[in-house]
């Protein structure tokens, strides 16, 4: 995964915040786990916020690599079909759906960090959920608050 | 938007927490962005929690002003119709639905604050999602944790 | 509710993090409120993160004891039926559904703590939402960040 830091590290503060660019391509699910784990390394204990500053994307914690990415796409297309009528008419067809989905798959997530490691379960990955294929790159802001 | 502070500012601590009243009326979506931005001003860097202490409301980050409020209402009425049978029978008809929705549109949200400003994307607003029209006023607790 | 601490308390830090075991049985909803309230007692003001390190469970804030547990089960079975075809084929039948649900009922939640008490509303409880009946015990990590 390609990423560029576009960040600002706080000075004289224990908060560390940085915005990274993610090559999200056109697929629904993009794995963010390694990027986030790199950011947390050596940061000790605390809470990490993953925030996507886009109105048509969210963040989730799911298992990947065993078919759930495909199941998530099928579920979203079944429950939030792009072709029902939407009031929001900007952008590509189906863009109205992309604007509703973040109410249910929120663009913000908090993860515990213990000893500089994400305290994820064995089968959990942190993923961008982006039903809007028009944006091959997305920004993600990572913010760490230690004790 | 009318709001009253009902807060408690922590003494001798870096945590700042305050409860505000929001005039949410009878509509589904109420914009909280300006209220939250006011709270964060001059607070530096950190994480802000927006928490709604009500069992029939949630918080979301969506674009507003381009039709998505209406699309969200239509989506909720389609997927969580008020008129399917519910076990929960207190309150007005359809109130059972209002009690299920917060499992999917949670009453808690964390936002990054950088230099006293909410680090939202251009098209993002923070909104109360309240399918329960019986309460024209709602409380929202804002809690800031700096570094 | 039975629970065992399996924790690690940070040394020389203001962060307190601990993993507890929850007897979640086979039901969808397990109340975590008392366990979390115990953890927060005497911790002052700050934010608490509730994180479930499992790929088939989530956390929610709902009213319990008035039928909403049953309504949540009915809603999940209606919108995310276990018997539609899923790509994910590990585990018991319907396990594909269990892996999709955490994208919508996330395994992470942040709660405000004021004076050592969870600042929940009168009718709110914090619950584990676990559609996967194969695991009668679940781990939950509690992490507190004070000011």
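Residue numbering begins at 1 within each chain, and the chains themselves are lettered A, B and C in the order written.
Here is the rule we use: a contact is a pair of C-beta atoms (placed from the backbone, for glycine too) under 8 Å apart; a residue touches a chain by one contact, two chains touch by 3 or more.
All values derive from a computational prediction rather than experimental measurement.
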Have a look at where chain B meets chain C and say same if over half of the interface residue numbers show up on both copies, different if under half do. different
Two copies, chain A and chain C, superposed on Cα atoms differ by a rotation in degrees, nearest 5, of 120
From the C-alpha centre of chain B to that of chain C, how far is it in Å? 21
Can you list the chain A residues in contact with two or more other chains? 47, 79, 104, 106, 110, 145-146
Seen from chain B, its contact residues with chain C in the complex are 8, 10, 13-17, 47, 49, 51-55, 79-80, 84, 86-90, 96, 99-100, 102-104, 106-108, 110, 139, 141, 143, 145-146
Footprint of chain A on chain B - complex, ascending: 44-47, 60-63, 66-68, 70-72, 74-75, 78-79, 104-106, 109-112, 114, 119-124, 129, 145-147
